[in-house]
Structure formats: structure tokens, C-alpha cells
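Here the chain labels run A, B and C in written order, and each chain numbers its own residues starting at 1.
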Amino acid sequence: MILVKKLVKRFGPLTVLRELDFSVAEGEFVALLGPNGAGKTTLLRILATLSRPTSGLVRIASYQLTQAGPELRAQLGVVSHQPLLYGDLTARENLIFYGKLYGISQERIQEVLELVGLGSRQDDLVRTYSRGMQQRLAIGRAILHNPKILLLDEPHTGLDQEAGEILDRVLQEVALEGRTVVMTSHDLVRAASLATRIDLLSRGKITASTPAQGLSSGDLVDFYRTALAGGRGKA
Amino acid sequence: MKPKPRLLTVLDLLAAVSVLAAAGLVFFYAPVEQMMGAVQKVFYFHVATAWVGMLGFGVAAVSGILYLQREEERYDVAGSAAVEISLVFFLIAIIMGSIWARPIWNTWWTWDPRLTTAAIVELIFAAYLLLRSGVDDPERRARFSAIYAIFGFISVPLTFISIRLLRTIHPVVIGSAEAASQGGFNMDDPMKTAFFFSLAAFSILFADLLWHRVRLGELQRKVIALRFKSYEEED
Amino acid sequence: MLVFSLLVILIFNFALELDLQARTSLSAGILWATFIFAGTIGLNRSLAVEKDRGCLDGLLLAPVDRSVIYFGKAVGNLLFMLIVEAIVLPLFSFLYAFNVFQPGFLLVVLLGSIGYAAVGTLLSTMVVQARTRDILLPILLFPLTLPVVIAAVKGSQGFFQSLPYEEFSVWINILVAYDLIFIAVAMMVFDFVLED
């Protein structure tokens, strides 16, 4: 579904992604972990077509990234750091607006609102929403058009325990619908509970990978530590 | 760091010699103009620097187009160098225009088309440099500068035509029959020689300065790149 | 916006203390100064809304051509200016005893607004991604839109002073030329403004 080969991304003199290789098969849920500044957000933005690679091959759903246009974007759903929502509109109005961009029916909008648990607050201004609710609405916006691929950038940031659990429930339901998901995260344990595979991104490259099922939290921490240490060694 | 090319040294000498020669021609060869007296000699440098300044603007606009098409950083360096130098050239032109205007029209400044357009071009250059200082990402800065240079360059003819239609007391310099009555003058041959030589001399000077400034820009880039490399190796 | 525009007109009125003669020649200038200031504020706010919660990315993710975003924004900005103008003009007409409902004059207003919105939308999209935001937009925009301002003022003046059309039709031509040229260039260049 997603194929990345030798991806390089430079911002002027700063090289963030160094010949990164990465691939995701259809239906997989990959959690991308790594220290700050490793390039997770950059990679995600490139996959989301919001940023252009400096060089390298990126293929998503059989579209070449550099030639892709609106058709590719119709297959993507993105939840980024920022909510991408208009504070002065209500939740429903937000979805109606985005719905018009994607050609979505009213029923689907209602369905999505119920799915993320915001049906009762749909006519409240987004400005009044808590962070957790905004995140859920953001996910709603991302799945509105039933994309095959979902890209999430640290969606649990700023959420308390309860909100985080609600989000997890939504994510699990969403993932179960057969989508391919890539999620960056800082939260090792949570990532493991949601994902089918964990990849580690360190200093611009994927340095380690492991299937997520059946690992204890001890295993996870070991994996993380060794992988990081390995990545930091001088080549 | 590439050593200074022989050709550049030659160009340095050529620029220095030709500007001095132009000055010589202007002061000793061209006759003193009947009606305006010695101050008219300012004209040679005034027009030369203004035309070369506009040439610089053209260089910046073309560099902009080339950068957008090819994304090679040297076009961005060339464009910003051209704007910086043209900024100074235009300033010289405006000041000289002022010096000329004072004894002739009895005022330091007039809102006539050419002078006003020159002031506007200066403002566009200043805006260009301000834009550059407000964008941190080098590629974005290059792109935005390129776009602004193109827009700016296209707007100048329209602006000039508009102002020209609005009002005029600037002398129509070359060969017009009513030139004298408007404060203009006809040029005879020694004057023409001095004029075209000045034009050539300042063009050479511009090219010389541009080359130097571009080398400086390249050097800056290398320094920044090296600095980043050393940060990364520290880890 | 409405209040702002009305205030500007009132301030001009008292600051300049125009007699009837001076009024007809200066009033076009006052009118357009008002429109320009209101337009600039509208442009800033329009893009600030998108920057606020990252909504610009939201638009970029949509399965539409990037140029659609430009047009959408530009038309939005144009409508904003037109609404302000629709409110200010009748008031202006009342204060300065001038009939605003001449089709030629309204054409000048429309053409001028289009030119300003077209270039303004492009530049404000750039500026909203830079650091020195608010003040940077007027600095970048004003020198480039001078032909619009001059032509719009002179064109308006022609109608205010009831001059024969041939005398000032050149200004309408300039407006049309400016609009066509800059909309074309903006469309060619807009993708580059949005890239990362």
C-alpha cells in the first residue's frame, strides 16, 4: 500500500530524512516511534502530500507521489498535530464544509458524528470543545470520505487518561474497518496495544522494526532502548 | 572555497578603469551644456545607474523564473544579489536626480513619473528584502522571493504608464524638439559618446559587483552547511 | 469592517474640510483609500483564519486542484471587498451628493476590487507563512497595486466629474489589463506558494 525507498528530505542545510526505507502492507497498523526531531512528522507530512520529498521514491496506493494529485488525496485521511478545524463553526458545520470538498452526504456526516461519540454536541462551536473532543472530531473529519489510508501524527498528545481511552476505542473501531494506518507516537505501550507493527525512526532512518502483538511492556522497553542505542552508534 | 577566478580579477580592473574613463569623458570630453551648466553632467551617471538598476531588476525576475523551474539554489543567490545591488544603484540614481533637479527646477523632489516610479521600485526592493528576512526556511524563502521578484517586475511597466498618464514634468531627454522648453536638451555627438560609455561602464560595474556578491552568497551557504554538519557529528 | 470603513470616511471628511470644488476631485481618492484599507484588513483576517488551527493544511488535503484553493480564497476576498463597498457607496453617495448607481462607475469599482483581491490573495498566502506577518502584507502589496489604485481613482473621478467617456476610458483599459495579467501570473505561480 505504501512504499518508500531512499527518501531524502532536506530543509536548506538540514537533512531530516536520510535515504529512508519504509513500507506498509494493506491493512497493517504501523506505529512509528522515535525521539523528538527524528523526522516522524516530516515523514508523515510527505506521505500526506503536504510536503515534497527532496529525492527518493514514494508510492502510495499505486500512485507515484510526485505525479499524484487530487485522486491520491481522496484516498488519504490525515489527523495532524493541529486539529484542522474551524473554531467559529460548530462540529457539524465543520464536517459539512469538509464534506462539500469531498462530496459527502448528510447521512454519512451524521454517522461519523455518532461514531466518534459527538452526536449530542454536534451543534456546539468547536472553540468550546476540549482537546479530547477536538481530536475525536478531527478523526471524524479524517474518515469522512472513507479513505483507504489513515495517517495520524501523535494523536494522543495533550489528552488525559479518559480521553485517551475514548480515542483508542475510536481508533480500534476505525482500524477494524480494514484501513491501512500509520501512526506516529511517543507512547510506547499505547502504540503496542493498537498497532500490528512498531517501527523506530531515529535520526532520519528506520532503524528497527518489530511485530507488536504478544509483546510485554518489558519487551517493548528493551526493544526501544536497544534500537535507539544501535541507531546512535557511529556508522 | 574556490579561489578568485582570474576572469573576476580582470573584470574588477575593467570595471574600475571604465568607470574612471567614463568620469573622464563626462568631465573633460563632453561639452558643458548651454542652458543648465555643469550640473547637467550629473545626467550621465544618473541615467546610467537607473537603467542598470532596472537591468538588475530584470536579472532578479529571470533568476526567479529559473529558480521556480529548476530549484537550484544558485538562482536564488543571484536573484537576491541582483536586488541588493540594484537597490544601491537606484538610490544613487535618485540622489543624483535630486542634485540635478535642485538648480534646474528649484526643488529637491518632484512627483513626476520617472522619479516616482524609481521611488516605487526602491520600495519594491526593500519589500523584497523584508520578505526574505521574514522567512526562515531557505527553500520557502527562495520560492517566495522568486515569486515576488516576478510580480514586482511585471508591475513596474504598468505603474510607470499609469503615473506617466497622470502627470509629467521630467525632461524628455533625447532629441525632442520641445525638449529645451521642458528643461530637456538635445545631445550632440560628444555627449552621446560620453553617455553610452557611461552606460557601458556602469553595466560592467554591475556585473562585477554581482559576481562578487554571488560568490559571497555561495560562501555563506557553505558556512551554514558546514556548521550543520559539525552539529550532527557532535552527537 | 463596516464600522471601520464608515469611520475612515468620516475622518477624511473632517480632516480635509473640503469645499465643494475640492470635494469632487479628492473624493475619489478618499473612496479608494477606504476600500484599500478595508481590503487589506480583510485579506489578513481571511488567511489568519486558515493559519489558526492549521486549516490551511485541511484545504491542501482536499482532493481538489491547488488552483481551486486560490480561486476560492480570491473570490472570498473579493466578495468581502464588494460587501464593504456596497455599504460604503450609498453612504458616500448621500454625503457627497453623487449618484453611485452608474454602471460605468460600478464597473470601475468591480475591476479595481478584482485586481486588488487577486494580487492580495496571493501575497497574503505567502505572508501568513512568514514571521513578520501583519505589517508585511501592506509593504509587499501596496507598491504592486499602485496601477490599480491610480487607474481606479482616475476612472472614478471621471464619473464624479461627469467627464466625457473618451477622456478617461484609458484608465478602464489599464484596469482590465492589470487584472488579466496578474490573475494569469498568480494562477501560474500559486502552486509554489503552497508547497513545502
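Assume a residue touches a chain if its C-beta (ideal position, glycine included) is under 8 Å from a C-beta of that chain, and two chains touch if they have at least 3 such contacts.
Worth saying up front: this structure is predicted, and the values here are computed from it rather than measured.
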| item | value |
| --- | --- |
| Central subunit by CA centre of mass proxy | C |
| Pair of chains joined by more contacts [C-beta pairs], A-B or A-C | A-C |
| Chain B-chain C separation of Cα centroids, rounded to whole Å | 31 |
| Centre distance in Å when chain A and chain C are each reduced to the mean of their C-alpha atoms | 40 |
| Interchain centroid distance [CA atoms averaged], chain A/chain B, Å | 50 |
| Junction residues of chain C - those touching two or more other chains | 195-196 |
| Shared-contact residues (touching 2 or more other chains) in chain B | none |
| Touching two or more other chains - residue numbers and ranges from chain A | none |
| Interfacial residue positions of chain C with respect to chain B in the complex | 119, 122-123, 126-127, 129-133, 136, 139-140, 142-147, 150-151, 154, 170-171, 174, 177-178, 181-182, 185, 189, 192-193, 195-196 |
| Interface residues, chain A side, partner chain C - complex | 45, 48-52, 69-71, 73-74, 76, 78, 80-88, 98, 101-102, 141, 145 |
| In the complex, chain B residues that touch chain C | 68, 120, 123-124, 126-127, 130-131, 133-136, 140, 143-144, 146-148, 150-152, 154-155, 158-159, 161-163, 165-166 |
| Interfacial residue positions of chain B with respect to chain A in the complex | 137-139, 221, 224-225, 227-228, 235 |
| Residues of chain A that touch chain B when the two form their complex | 11-14, 203, 232 |
